[in-house]
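Right, I'll just put the structure down here and ask away after.
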Amino acid sequence: MSQPRQSIKVGILGATGTVGQRSAGQAYAKVVRWKLAMSIPDSVRDMVVEECKPDVGGFSECGVVFSGLDADVAGDIEQAFRAADLVVYSNAKNYRRDPLCPLIVPLVNPSHLDIIPYQRQSLGLQKGYIVTNANCSTTGLVVPLAALEKAFGPLETVMVTTLQAISGAGYPGVSSLDIMDNVVPYIGSEEEKIEWETNKILGGLTSDKKAFDLHAPNQINVSAQCTRVPVIDGHTGCVSVKFARSPAPLVAEVEKAFRDFRCEAQDLNVPSAPGQAIVVHDAPDRPQPRLDKDLYNGACVSVGRIRDCPVFDIKFVCLIDNVRLGAATSSVINAEIAVEKGLIQ
Amino acid sequence: MSQPRQSIKVGILGATGTVGQRSAGQAYAKVVRWKLAMSIPDSVRDMVVEECKPDVGGFSECGVVFSGLDADVAGDIEQAFRAADLVVYSNAKNYRRDPLCPLIVPLVNPSHLDIIPYQRQSLGLQKGYIVTNANCSTTGLVVPLAALEKAFGPLETVMVTTLQAISGAGYPGVSSLDIMDNVVPYIGSEEEKIEWETNKILGGLTSDKKAFDLHAPNQINVSAQCTRVPVIDGHTGCVSVKFARSPAPLVAEVEKAFRDFRCEAQDLNVPSAPGQAIVVHDAPDRPQPRLDKDLYNGACVSVGRIRDCPVFDIKFVCLIDNVRLGAATSSVINAEIAVEKGLIQ
Amino acid sequence: MSQPRQSIKVGILGATGTVGQRSAGQAYAKVVRWKLAMSIPDSVRDMVVEECKPDVGGFSECGVVFSGLDADVAGDIEQAFRAADLVVYSNAKNYRRDPLCPLIVPLVNPSHLDIIPYQRQSLGLQKGYIVTNANCSTTGLVVPLAALEKAFGPLETVMVTTLQAISGAGYPGVSSLDIMDNVVPYIGSEEEKIEWETNKILGGLTSDKKAFDLHAPNQINVSAQCTRVPVIDGHTGCVSVKFARSPAPLVAEVEKAFRDFRCEAQDLNVPSAPGQAIVVHDAPDRPQPRLDKDLYNGACVSVGRIRDCPVFDIKFVCLIDNVRLGAATSSVINAEIAVEKGLIQ
Amino acid sequence: MSQPRQSIKVGILGATGTVGQRSAGQAYAKVVRWKLAMSIPDSVRDMVVEECKPDVGGFSECGVVFSGLDADVAGDIEQAFRAADLVVYSNAKNYRRDPLCPLIVPLVNPSHLDIIPYQRQSLGLQKGYIVTNANCSTTGLVVPLAALEKAFGPLETVMVTTLQAISGAGYPGVSSLDIMDNVVPYIGSEEEKIEWETNKILGGLTSDKKAFDLHAPNQINVSAQCTRVPVIDGHTGCVSVKFARSPAPLVAEVEKAFRDFRCEAQDLNVPSAPGQAIVVHDAPDRPQPRLDKDLYNGACVSVGRIRDCPVFDIKFVCLIDNVRLGAATSSVINAEIAVEKGLIQ
C-alpha cells in the first residue's frame, strides 16, 4: 500500500480496568493495574484519564471510541456516547443482541456494517452508531465455521466443548484457590452466548439492510459446554459439525477449505489483519494455547486434529487468543474495516 | 455383616512401576518410585519383590493376581499367568477386546463374569482366567450412562469431551514443559478406547454365556474428544446423550435416575464398594476434580450440571478419580465381587 | 488413656469466612464458602450462625472460643469476649505482641500459659484471657529452631527464605492471574512477623511470670525473605542457622536432635498432638509441600536436607501445613494443653 | 554505528536437543523437538544437521562454534573441536572450572578473555580455544553483585535462595507429577556451582594473564539453597549480602549503584547487549518471573525489594531469564564481544 493511512483520533472507555470510576483526572500509569509482560508504553503513561462522559475531554473529536467497559455499566454509557453522535466499537455484551447493532467477528462478517445507515436513521443520528464484537469463545468457533459454510454450504449442527483461560474472567477474576490443579466446568451464561451469537454472526442481513436474518431459514443447531482450565491465555474448543449437504465433505477437503479461507479483512489489507485467518496445524497434538496463541500476533484462529466424527461429519480442535482476537483486536480490526468503508472518519 | 470375610492371598504384577524388571530380589521400598502423599505402609516396605513369572515365589498360592503392568509387557505375562491356571485381574488394555475376557466396570457390568466358565473351558483351564477393567475415561462415562439405560432404556448417541489429569499418563509421563499453563488436545488412542469399550461394557452376554453382544442389536453411536489439562488427579467429561426412546426423559427424571442408581457391588456389599455409585452435585459449578475426586475414597462417579441439550436430549458433566475407580480400585472391586460369586477362592 | 476426656463446649468466631458479618441467623451450610475436598460434616451443616457478640447465643457457656477472625475486626471482638470473662484462643495477629498475651506454638512453648493468671489479674477477670498462635511461617520455622536450642543451646543467627502457598492468603485471596506460572517475591508484613515472633516464642517468661523475656539476654538475629509460589497448601522454608556455641554441632548431631525432639504436647498426650513433632526426611529432595504436608494430619513439621552451611553452621529445609499446624490446629492443640493445665474448664 | 558489522559463519553443537545423536543427515525441522511459541524460522527449517565432528560439513569454516551440548558429551566433543583449532563458546559446565578457560558472564567479566592467548599457547593452537558461560542461577546473581563490588568494593558474604524454573532442567526434564502444586527443594549440584563460580567470575586475572585469581586474596563466602518451583521460565533469587567495608552503603546508595551500572558489553555496543544491564523495579512485589523476564529480550537482570538486612547489610530479589541471559544469550554476547576484541574472525 503506497499511500500513508490517515490518522484518526480514538477514545477508550474502561482503559484502567476495575478502578476506572475513581481514576478521572489522574495519570494513566497511576490508576491502571498493569499486568502485561511489556511495560506501559511511554506515550500512554502520562495521559490523563477523563470521566466516562461524551461531553468531557476530547471525546467529541474522536473518530471512534473503543469500549472495554464492564457489562454492568456499558449499556448506559455506550448509549450516551452514541446519542452524542459518536461512533462506538464495543467489546461488551450489552448490544450484541440488539436488532440494530452489528455483532461482528472481523474475519467473518464485516458485511453486517451495511446496517449502520439504518441504525443511524432509526435513531435520528448523523454519525453515531454502535458496533460490537463477539464473545471470545464464539469468535474462536465461528471463524472455522465460516470457512466451512463458505466452502460447503450451510451447517446443520455444531457441538462444542470449550476449555477457557483464566484471563477471560478479568482481574482479579478467578481465585487461584479455585483453579489451580482444577477444572471449573461452568462459566456463567457463556454457553448461551455461543449458542445464540453463532447464528447472528454466520447469518446475513435481510435484503433491505434493515435487519439480521439470524441464519434463516435454517438456524444452525448449536450446543456448547464451557469449562475453565488452569491456562493463562488461549481458549481451546473441541468441535463436531454436521453439514446440511450430503454427502459431507471429506477430511482432506475440510482441511483445504480451512487453509484456503480468506476474509474481507485480508482483502482490504487493513493494518491489524492476520496474514492467515486460519492456521492449520499438522502435528497431531496441536493447537495448544501456550504454544500457538501468539501466531499472527493473536489475530488468527488455529485449527488442528481434523478428523471424521462417528456421530456427525467432522471433528476438529480450534484455538483463539482470547485477549486479542477474542477481545480488543476484534474491535480494532472491525474499526479498521469501517475506515475503509467510510464509516469512520 | 456379622461374619468375618475370608482372607485371600493376592499377588501384584508391576507393583514397583517403571523399574520393575530390575527389582527382583530386593525390598519393595528400595525399588519403588513412591509418589503418594502417604508413606509406604510398614507391612509392604520390606516385602521382597519377585520375578514376574508364575512359577516363582508364592504366586501359585495366590487366589488372585492383580496386574498393573504396562501394555507392552502385559500381554505375554498375563497370558503366562493364566496358562499356569492363575486368576488375573488386569488394569492393562491388552485383553479388553478379547472375545473371551470380560471388560468390567464394577459399578456397571459384573454380570459379564458369567463368561468365565466358558473362558476356562475354551482354554482347558481349571481355575485360571483373565478379567480386565476399563480405560479410566471410559469408566467415568459408562457409570452414568448405565444409570440412564437402566432407567430409560437404550441410548442412541453419546458425545463426550474429556479433560484428563496428568496422572493418567503414568510417571514420569507428561513433561511439565508440555502441560503447565497449557492444554494438549490429544491422548494417543484414548478416543478409540472410549468409543469402542462403551458398547462392550453396556452390552450384555449372549444367551449361551459364550460371547459379548456389544450392545446388539443397536450399538450406541459414541464420539469422543480427549484432552490433557494441568490437573493432577481426576478426569472430567462433558457429555451429551440422545435416548432411543421418544420423548426423552426430563432433566428432573434424569437427575433422579442418577441419584437412585444402585449397582450390584452395593447390593453384594463388597468391602470397597462406594456408599453411592453416583454422587449428584447441586452446585452449578461442580463436580470439580480437585474438590470432588475423593468422595467415597475415589470409588464413585460424580455428576453435575444436568440440563437440556439443544442438539441431543441431555447434557451433563461427570468426574472420575482416574487413579482409583479409573484404575486399581476397579480391579479390586471386580475381584471382591468375584469372591462373592465363587470365582476367586 | 483409660479415662474418657471431658466434653467442653466451644465457640468459633469467623467460621463462615469472608461473608460472616451477614450470616447471623442462618444455617451454616447456607452462608459458608466451603472449599475443602471433604463435605461439610452433617453435625455442622444446620447449625445456626450467631452474631459475633459475647452475650448472644451460647457463647457464655463455652469453655473456649476459637477465633479465626480477620485482623481488621479481631482486635475489638476478641477484647469484648475476654472482657465478658470468656477464654479466647485466636489465630489472628492482633494480640501476638501484647505483653500479657502468650504467643504459643504448641510444639514449642506451652509453658507461656503460665502468664495467664497475671493476665487475668491485670484485667480484673476471673476466667477470661486471650492466647494467640503464631504466624504460619513462623510456626514452621520455630519448631526445628526449638529442637536445636533444646539440644545445643542458644542460636545466634537465623536466615530464612520462605516459599509460601496461596491458601495462606485466604479466599479469594491471590488472583490466579498473579500467581500461575509465577513467583510473587513479597507478602505484606510477613517478614517482620517472622523476625519478631521468633524471639517471643523461643524466649521464656521472667521469673515472676509477669512478662516475656523475648529471648533475653541475647536475641536471635533473624532475617526473613518471603515469597508466594503456585502451591495450594504447605509453606517451605530454606533456613541457615548459626549457634552461639563453638564449635557448632555436626550435621549428624543436628539430625539426631531433630529426630529426638519431643514436646510437651506429646508428653501430655493431648488428642491432636502429632506422633512426632519433627519428621526428618532422608531423601535428598524432600520435604515437598504436596507430598509431605499431610504427615500426622498436618500437625508436625517436616525437615530435610540438613547439611553444612559455608556461611553459618547448618542449612536445612523445613515444611509446614499452613492451614493446619500453621493455623487452626495450633489453636486447638494449645487449648487441649490448657485443658490439661486447668486453664479451660 | 555507521559501519555495517561483518558477517561470520557460526556452527551450533547440540541444536536438536535430546535426539541429536540420531539426527545427522536430516533436515533440522524433522529432528528437532521444537517447543517455542514462535515457529521454526524458515531460514533454519531445511538446514541439514551434520555429525558432531570438527572435520565434517562446514565446521572448519566457522568463525565460532556455539555448544549447547549436554554435559555428558560436551567434554570430549568440545575438546575435539578446540584441538581442530576451532573457537568454541559453550553453555556446558565441563570447562567452567578449567584453569585455562574463561567463565564469562557477558555483563560482568569479559576481561577474562585476556587469558585466551595463553590458552592457545599452552595447547599449541593458532586460533582454537574454549570459552564457557556460567550456570543460569549464577549469572542472575553475579550481575548485581558485580555492580555492588564496582561501586562499594569487595563483598564479604553472600547468601542466596533460588526459586528456579522448570525450563532449566531441559526437555522432557521435570515430570509434571513432580512439580505441579509443589516445590522441589533440591537441584543436583546447583548449589555448589553458584558457590564456586561466583568467585571465578567476580575475581580477576593474575597480572601475567595466565591464571584466574578467584577473587584473591579474600574469597567471597557464598552459601546457596536452590529450589525448583512451578514456573516455566525465569529464575528468582533472594539475596543477602555483607560488604567488606564498614559502614556499609545505604539502601539508596545500593539502589543507585544498580541503576548506574554499565558494563563493557554496553560500552562496546555489541548487537545483543541489553539497553540496561540491571533493571531496578520500584513496585514492592517485583520482579516476577512471568511479568519481568522478557525485559530487554531477556538479556538483562531485574532487581527489586532492596532493603536493609537484620543479619547482613542489604537484602534484595533478583531475576534472570534462564533460557536467554542464563544460557544461549550469554554465549552470543560473549562471542560478540570477542569479535570486537579480534578473538573471533
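Just so it is clear, A, B, C and D label the chains in written order, and each chain counts residues from 1 on its own.
To be clear about the criterion, a residue touches a chain if its C-beta (ideal position, glycine included) is under 8 Å from a C-beta of that chain, and two chains touch if they have at least 3 such contacts.
Chains and their UniProt names: A, B, C, D = Aspartate-semialdehyde dehydrogenase.
It should be emphasised that the depicted structure is a prediction, and the values quoted were computed from it without experimental measurement.
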Starting from the defined contact criterion, work out which chains touch chain A and chain B both, please. C, D
Result of counting contacting C-beta pairs for C-D and A-C, higher pair: C-D
Per the centroid of Cα atoms for each chain, what is the distance between chain B and chain C, given in Å? 42
Can you give the whole-Å distance between the Cα centres of chain A and chain C? 50
Report the inter-centroid distance (CA atoms only) between chain C and chain D in whole Å. 42
Touching two or more other chains - residues of chain C: 35, 180-181, 230, 232, 290-291
State the interface residues of chain D toward chain B in the complex, per the touch definition above. 35, 166-167, 171-181, 230, 232
Residue ranges of chain A in contact with chain B within the complex: 157-159, 161, 163, 180-186, 195, 221-223, 225, 227, 229-232, 234, 236, 238, 240, 284-291, 304-305, 309-312, 315, 317
Complex contact set, residues of chain D against chain A: 35-39, 180-181, 290-295
